[in-house]
């Protein structure tokens, strides 16, 4: 029994528990316990991981385990984590944990909500622990589908349209992905679906030219790559708070993670040849998303577009293919996950009070909701890359790393991407200035009450995480850097 | 052609003649199936098609492979099967007549699209 | 000298504590904590200065001491952000300045901000600012500087927007942040380029005398200029943003929306000179590697000085007048750096600019605090609500006068010495710049005394002053001198202003770190004093008593007057760029494109499918025979295709 | 000749035994005994399943006219289980007053079609194959027209029998040509004798369309929706799952075993048919308002996916095919089970009637959702795995484009499956279907299906077990 399997088993047990339970408090507690357990566990994982490394462990991954599942296709249930996955696991568990608290008063059908929510988390956790292409793809799709119901039933606004659009577009992505994965498997003539093994083989270059774009785009859709990002604004805008948190916070990271772990890791030649195409696309989405955000008036839309911009940065950095930039990309995943989750949590709480997300109909909330106001400002500052908050660390690592590229084209692109920090500042401050500061716009907002304990809890956890990452980045960045190095050596060779 | 006629008059009928007949029967059946209005006529056309196949079997067996009898047996079974399906079909058609008071194939379009 | 670490740690702690407890403690408690902490820091930094200047002079040269250094974030083996403390003459000097002013402001605010909502928050932000400003000046590497640079920016944002319910304040805060952020973009790009070629962030390596790190950059040019020039220019733009050089000066006047002590601390004495400090920090690089950029700095500075001075002459809001004079004075420092040489006497400009930075910090803070106490008395910023206040506010009056004399460059006040050095340096660089600067000096004297007279002299104070600002006091009460907590900083700073000029500044601060003996260049000194006195006389004639000459002049130079009083419409230009170009012509089209092109294509797929489905429903006609047709057709089609291919 | 060798045909014999017993029981059983008719039938049939679920060694009977291979046991068992589920679901329907008397014939007809499929599957000779085909389809027509007072049923029956016989007459004509060109109808001989002469190709096409008709591939599918809609729902499910399952298996066997030399001909044919079947069926399905028609089109596109397994013509393809049929049986029968019980009780089959079903019947709609997800190929449900293996089998032979098109179509199919889920879960309705108390057999059948959907994928043992007899021919 492998340790990592707990990550999948605990949510499964949670689901079963929810299934049999029927009264309200009970399963909320079950859920919360489960989530916090996961948090603790991933803490342990990280700790063990670090100690093992200190003990001079040379294994690519930790807690490797491998069980044959479908022998005819060499499909194994094989797991293993390295620094990147651990970072992602920590992120996911934090967000799941806070997400539960953010959806404390979910209504209607709370039980079903948590059922789907934990199914979603199974997908997420499984995706990060597995080292087998098939299993990875399976978890990927497991994570996609609950979205439809979560948005469709508990969402707001044009929820049915958005849910359908999101599901179908992501499905389209996974269609590309599946062809890519099968192509990798059969193309490489591998006798295993474990990508660590496949990486040792060599896929014929002309095949790579077909399958690299497919795979990269397949994951890229989830990573909000430029022309395929439109699911994200609508989807996030309609989703309930916790789902937006988990989706923007973690699910979009699956894209970047996959692009790095599968597309580029397994097909380095094609990655080198074709990087420039995707670099341009991602460069576009960085700036494009930021400019798109300026013009929105719905809080969630603003945030969704800024996510497009930030996630674009992730892919952008990955494609730079050097250690610093890639480390930055992973850091950016973490930081964006945390702060966007914080954003959506806050937006949800504000919306729950004011019943509007239109920034033109709000103002001066700082006066009535000091806690939420301050937290929103902090989130904003993190998002525009204020030092001592997570955003700064990630972005600077990316920029410095990307700028170390020897080719002038890449450096110019980097400068283009850097310019997004100003635009970010513009739209963040626009919102903060409009809804948090200034005079109270709507008289009815004067009776609003500030956050209650469980809201405070979830928000504080996120803020603390953001601060911790922003002011003491060395430990996590070193952990990630160590695990990025072998993958990049594969890429650069 | 002339040789065909000569064979014809000399008594032994060439295989092509049978095949021609069966082919004509078959497509006559198809034609009937496609054009006739009455279900019964359609049923009969199907019979034509089946029998065309039977003739093929017999002919081939008789002319090409006289040493084994697979063709003949096939024919026998086909005839039997044709009888069964006619029975069932007739039953259903009667049922239709009871419900619709007509056996016009054109009326069978309650369910479409 | 490990204890210098406390200088950074203490204010951070006080920020965290005050920020967390926020309104749970009594305002007084928070205020006292903040002030005491600042007091300790001030003491520490004085002691540091003393110890540094006494102990760390090796072979007649002040060495750079890195007291503390830790790796904070590693990018590559060569490039990593360290957090540490670098002590050298200028950083020590800045420590003294910042802690002093900050201390004064803390004391001052105790009574000025008394009764304001969010008093605790105010002190928390003050500590945050002090922390980040101190961190900025002691930075050991350019990235640490950038980090604290940003922190300074945000704390200034928070303090300008202190009255967050006031839309104008929020707008000003936003403007300040975004403009400086825009400049920081170039700063960052500059850092990236510099670090890419030099593979280091470290000041001690970059600014060492015969450093070799720039070997890699020789001959590499981009669009005609060497990459290094681009980098340094970018870094300067960053500095220009913070120091409000033309054309990035627009945020500073609006920043006066913040509480007056804040303006004194941030927007007069400390933060705005960060740009100057940055250029001074990089001076060797500028001087040896990219002189063309250095000269560019000189010209930008000169223009800004003139530009701001002209505007200052016609503003009617006293804080804005001071703001523009600040811009112009900082421009002086920039010019001084721009014209400066390196070795020995050549290095006058460098020394002068630091000297001026020091003196200016003192007397400009004094001016602002004085203005503060005036505003506190009459509850208005507008000149027209003032006049004849000398009877009511004696202390303010005298201290203000001293400050005015100092800034006007009248001996023996500190301003005279530093400004004189700058002028002589400029003359040595080029007579034109010299002359220009002299003229600006004259203008300075003029508008300062215009301000002085119209506050304290001119028409007698009319009790029925319509009251802006704090309406709670209501109109029509006699203005009264401020309490001691406000008066003491004024007196203290005035005293400093009187004596600061006699500090042998060159002994401590010079471009090389070696001693440098100030000697007054008599011709320049006399010229400037004369010019200054003349313009003071003019101001006296025009504003001491009420007279119609100002209006007449305004009529004569109506074009200039109008332009100047509208700050030459720079803000409008910015408005146009941001609103019409960025917002309406970039962002809106993009939003539209996203909805109606990209999204529409995605929906288009769905709609097409639906449409096709509707078109082909005829196949399923329900007619048995038509089914058979299709069946047969299919069969034959397959057969035919097989035989064709 | 040793007739005892006939005793080896165990499946067929035991099924015939069950049929005869039931027939006699139905006729002669007394009033108070007759009400146990269905339980007894279930038990007997279950026994029959258990007896025949163990694969044996391959053998031949009657000079190769009947060829047995272990793989056939699997496919037959799958069909048996499917049939059992259908019977369980039909239990309530057969207890209605007007149907009580017809119970016997219902079972007899169902079993005889099943017998026909057995023969079809294990035939080693075109004659036996043809007999099996007809035995499978003629009683089916009777079943389709089972409740004879419904116009739709009668119409469906007529459409079915006529087009079925039309198809089979075309294919028997094809067989006759094959016979003519080769002189034998034994598969083992034909494999070598078929060399791809024009006549043989022609004959092959004629013959194949008969099977395409049974699998209902576009353009030979037009009868499907009408018949599915007209027939009684349990019959529809039987039609859509069991007969289709047997047909695809047989098609695969024949293509490889008999027409192996024509692979260059039939691969392109199947390529085209798969593409247009999946696409056209999907495009039709998105507009359907009647759930039975809707499922008809969905089953057509599913057939298209099965072709992906056939086209590879490899052992892996065979395994994937059987596995796909297995999963398809459970998924589709779960969907049809829900459909049938709701139609049985309320007579509602329109999509809009299902609005807000979750409020009133959470369990039913949950099962329905699982079934639809499984059909759409969503993990962790079995459908995902079967689809994946089918794709893998096709890609293994290098059909990248085909798989890509199929995958793009999964998006459309997901869309219309989600439409139903949307109706059940998202859409609110003033008049939702009231709470339905389903009887025990139905519950049982749904539980079996749900278990199947949930577990088959996760337990790889099943697939591996099937894979043991890699090439089941």
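Think of it as A, B, C and D in the order they're written, each chain with its own count starting at 1.
Criterion: a residue touches a chain if its C-beta (ideal position, glycine included) is under 8 Å from a C-beta of that chain, and two chains touch if they have at least 3 such contacts.
This structure is a prediction, so every number in the text was calculated from the model and none was measured.
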item: Pair with more cross-chain C-beta pairs in contact, given C-D and A-C; value: A-C
item: Centrality ranking, top chain (CA atoms only); value: A
item: Chain centre separation (chain C, chain D; CA means) in Å; value: 79
item: Inter-centroid spacing, chain C versus chain A (mean Cα positions, whole Å); value: 37
item: CA centroid of chain B to CA centroid of chain C, Å; value: 100
item: Separation of mean Cα positions, chain B and chain A [Å, integer]; value: 67
item: Multi-chain contact residues (two or more partners), chain A; value: 168
item: Chain D, residues touching no fewer than two other chains; value: 158-159, 162, 166, 170, 225-226, 287, 415
item: Chain C residues counted as touching two or more neighbouring chains; value: 606, 617, 620, 622, 624, 628
item: All pairs of touching chains, each written as two labels joined by a dash; value: A-C, A-D, B-C, B-D, C-D
item: Chain B-touching residues of chain C, taken from the complex the two chains share; value: 617, 620-625, 628-629, 632
item: List of chain C residues in touch with chain A within their complex; value: 71-76, 79, 81, 143, 146-148, 150-151, 154, 161, 164-165, 167, 170-171, 173-174, 177-178, 181-182, 185, 188-189, 192-193, 195-196, 582-583, 586-588, 590-591, 594, 598-599, 602-603, 606
item: Chain B partner contacts - residues on chain D that touch it in the complex; value: 126-127, 130-131, 134, 138-139, 141-142, 145, 148-152, 154-159, 161-162, 165-166, 169-170, 172-173, 175-177, 179-180, 183-185, 225-226, 229-230, 287, 293
item: Interfacial residue positions of chain B with respect to chain C in the complex; value: 30, 33-35, 42, 105-106, 108-113
item: Of all residues in chain D, those that touch chain A in their complex; value: 316, 319, 373, 378-380, 384, 388-389, 391-392, 395-396, 400, 403-404, 407-408, 410-411, 414-415, 418, 421-422, 425-426, 460, 463-464, 467
